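Below, subunit A partners subunit B and then partners subunit C, in two separate complexes.
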Partner chain A sequence: MRPAYFLLHLKKDLHLEWRSKDAINSMLFFALLVVVLFSLAFDPTQDASRKIAGGILCVATMFAAVSALNQAWARELRNQVLDALRMTPAPGAAMFLGKAIANFLFVTVVEIVLAPVFVVFYNLHALGNAWLLALVLPLGTWALIVNGVFFAALSIRTRNRELLLPLILFPIFIPALLGMVMSATAILTGEGDPAMWIKFLAGYDVAFTTLCMMLFEVILHAE
Partner chain B sequence: MSSVIAELEEVSKLYGTFAALRKVSASFERGRCYLVLGENGAGKSTMLRTMAGLLRPSYGKVRIFDAEGKAEEPTTERERIGYMSHATMLYDEFSGVENLRYFAGLYRSGKNGGRDCVTPEEALRSVGLDPALERPVGQYSQGMKQRASLARVLISRPELLLLDEPFSNMDIQSAHQMLRLLETFRTEHRTIVLTTHQRELAEPLADFVLTLQAGAVVSLVEGPYGKNGGLNLSAVRSAGKDEAVLRG
Partner chain C sequence: MKLWRWLWLAVTLGVLAEGFHVAMYVVPPDAAQGNVQRIFYYHIPSWAGMGLFFAINLICSLVYLAVRNRNHALAIKADSLAVASAEMGVVFCLIGLVTGSLWGRAVWGIWWTWDARLTSTLVLWLIYVAYLLLRRFAAGPQMRTLAAVMAIFGYVDVPIVYMSTRWWRTQHPGPVFGGAPGSGIAPSMMPAVWWNLAGWLMWGIFVASLRYVSQYREEVKEQEAGLAALEAHEIKAGR
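== the complex of A and B ==
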């Protein structure tokens, strides 16, 4: 796969999002609401916060990302742009990778905005190596996005695609979610070693990225 | 050089139990214009999509021939085929030139340096659009959208142009401009296969007229202006035929 193809797709997706800001806006408001509402509903102590914060952050990101992933291929479906793309010599894997990286960047922006809000509302102070979160969050986010973009493409030709995506995506994402929550909790509480979970997340990412890229061509040209 | 560029052999396309195409056989010569007629649901769009490699035939074969006469499947020859659909196949959020730059990039990045593409500006000018227009395609008029869509098809200099209802929602002037443009493609030895409901408008361009009915070919005859008859738009205009057609 030539990098030129992938860069063209990535540039296009970033450009489109820069113009509309649809995905980032919808994700950001949804994730902020979840974080604030959970904080108000449970009013956790600092100790309890450390135990649940990892889970809440992951779940908030996951639900927010799904709202964007549902729209990941909407622009390609509108006006049959996808057919025009299928007629070009560009390999499907490049299109997939461009779309996945663009969506990964959108979710990362949301996480960066969300992080300080999270610290304030949950009065968080990590007892472990906080810098490891900078490894856990991108790895977990990539696991969600790479599968999300793939299954969003798989479900574009179905009528109930917005319902279908979480139904397919969440069970597949459960192992990565577990890895993300366990490692985040270990870092925040300082109990246990997050290294094993981080390695697991990295392995999950490599396996699913390879699989999705290999199979995307089939999905793209399916009728 | 092989005279035939595309061939359909006993092609059937089923959607569940519904047969959109039934044993369609036809061959398309280089440098000719084929007008495909038929009522709604006759299978015109399905035939074009199958030739473009966007649909796989349920039965039969579609072959695309290179200059040496070597047959390939359309799925491997997509770069040589230009397909224009009812929809614009362009991003509404981008301007015409931004859309075309993106697609030109995809064609140019191909193996062995990619295809020798027309520049986006050139393609837009050739269909009568101003490349400097910054308005997004979503805000174009229907006629402008059709032209921008044709410009996208032209970008890769395709040898086989498959145009599905290229004149729909176009005013007479724009339709004539497009007809003149299509005539130049034919003189460049490209093959045009176009579907339309505006028969009289496209007939002067057609070397052959293929009629479909319920998914089957009922006739493939020379165009009323004759094979090699060429386009004589001024004659048609003076007869007032096209205006009558569009009003109808």
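== the complex of A and C ==
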């Protein structure tokens, strides 16, 4: 039996990344730099770092992810791979899903590697349920990636595409960033209940995943 | 057509003048805030205009996506109207933010607070500026499709943004909010609201119609140039 189309796309993207490791390396180093820069710029005490750490982790991931997302479709432009993919009978949504899951995995790897560094640099000790972060981070990351992969495909055929992607992605992503930061801060400081924000993030993910899957075909074949 | 436009402009200016007169001299000052509250008569019409034009933008984007491969003339019209209404909506949004900020300075003592409504409006403004930027950066007919998709994303995001910022601020109640206008207004003030609402919406429709016509002509010209180039190419190729 033939595997589903999106699995083929996913496998191809994982293969590409496994051989080059471009995206993960650049993201990892970039996120590390952001963490170091913020730490130097604000020089927070332990109490203060608990309050801002959630925000910094999210923002660092966001910037790092954008640098990699710019490359997500750009690597398909070489040798007209994208045009070839457009001619295949596979539905566009499958292609999108494969690409989104691949990038989601890359960013998750970066987060997992970064988390211990983060804990050390910011002297972190979560006061709330730390394991809830394992729910918040994937949800927030998926919100970022699903929109990011979509808008990267949207901006691929424009001028200054590297500049355009963050400009159109960030305004749309703001509510999810808010949800991610608020729930991470609630978990780290132990004040307030993150449950509402986690539900909100899940709702955001469902809404935008649906929208992206529905409209991807349109932007893929935009002439 | 031209005559109608001039007539419309004349009536608009008349209504705006009357609106100014009623808002500044006829209706009584607010019991609590005094004359500062009169900026409200310019604040409310800009929100109404923003809501109207962003809704038009969404409808036009949907129409464009639906008919772009079947009815080309209608698609170009829808796209032109989408641009005109998005630009007008951004202008109204900015006017609303600025008038609100002026009022906030006088009544709250600060220009800006990260209150739910203010934040979500600012995000809304950012989204539509991003939409206009996308239109500038992308080129050719594909840009219209991409922009229409972006418009749908933006509009879907609006209620989500509002919900998130409201939760955000209910967890940490803002220190200055609580004197919000709009929670009921005295009947004696209503004439000023109506006149200005009518006047500014008419003004918005006037400017948007001018912008629509210029955009429409440009897109038609672009398309004709493209067709002419294609024909010339085919003749040269001897087909």
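Keep in mind that, in the parts below, the second predicted complex is superposed on the first by the 220 of 223 C-alpha atoms of A that agree within 3 Å, B and C clash if a C-alpha of one lies under 4 Å from a C-alpha of the other, contacts with A are read in each partner's own complex, and residues count from 1 in each chain.
We take it that a residue touches a chain if its C-beta (ideal position, glycine included) is under 8 Å from a C-beta of that chain, and two chains touch if they have at least 3 such contacts.
The shown structure was predicted, so the numbers you read here are calculated from the model rather than taken from an experiment.
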{"item": "Clash or fit, subunit B versus subunit C on superposed subunit A", "value": "clash"}
{"item": "Superposed model, subunit A: greater residue contact from subunit B or subunit C", "value": "C"}
{"item": "First (subunit B), second (subunit C), both or neither touched by A:8", "value": "first"}
{"item": "Those residues of subunit A which subunit B touches in one complex and subunit C touches in the other", "value": "223"}
{"item": "Contacting residues of subunit A [partner subunit B, same complex]", "value": "2, 4-5, 8, 12, 15-16, 19-20, 75, 78-81, 83-90, 221, 223"}
{"item": "Subunit A contact footprint on subunit C (complex, rising order)", "value": "65, 123, 126-127, 129-131, 133-134, 137-139, 141-143, 145-146, 149-150, 152-154, 156-157, 160-161, 163-165, 167-168, 171"}
{"item": "Subunit A contact footprint on subunit B (complex, rising order)", "value": "52-56, 75, 78-79, 81-83, 85, 87-94, 98, 102-103, 105-107, 109-111, 114-115, 152, 156"}
{"item": "Residues of subunit A touching subunit C in the complex", "value": "147, 154-155, 157-161, 163-164, 167-168, 170-172, 174-175, 178-179, 182, 192, 196-197, 200, 203-204, 207-208, 211, 215, 218-219, 222-223"}
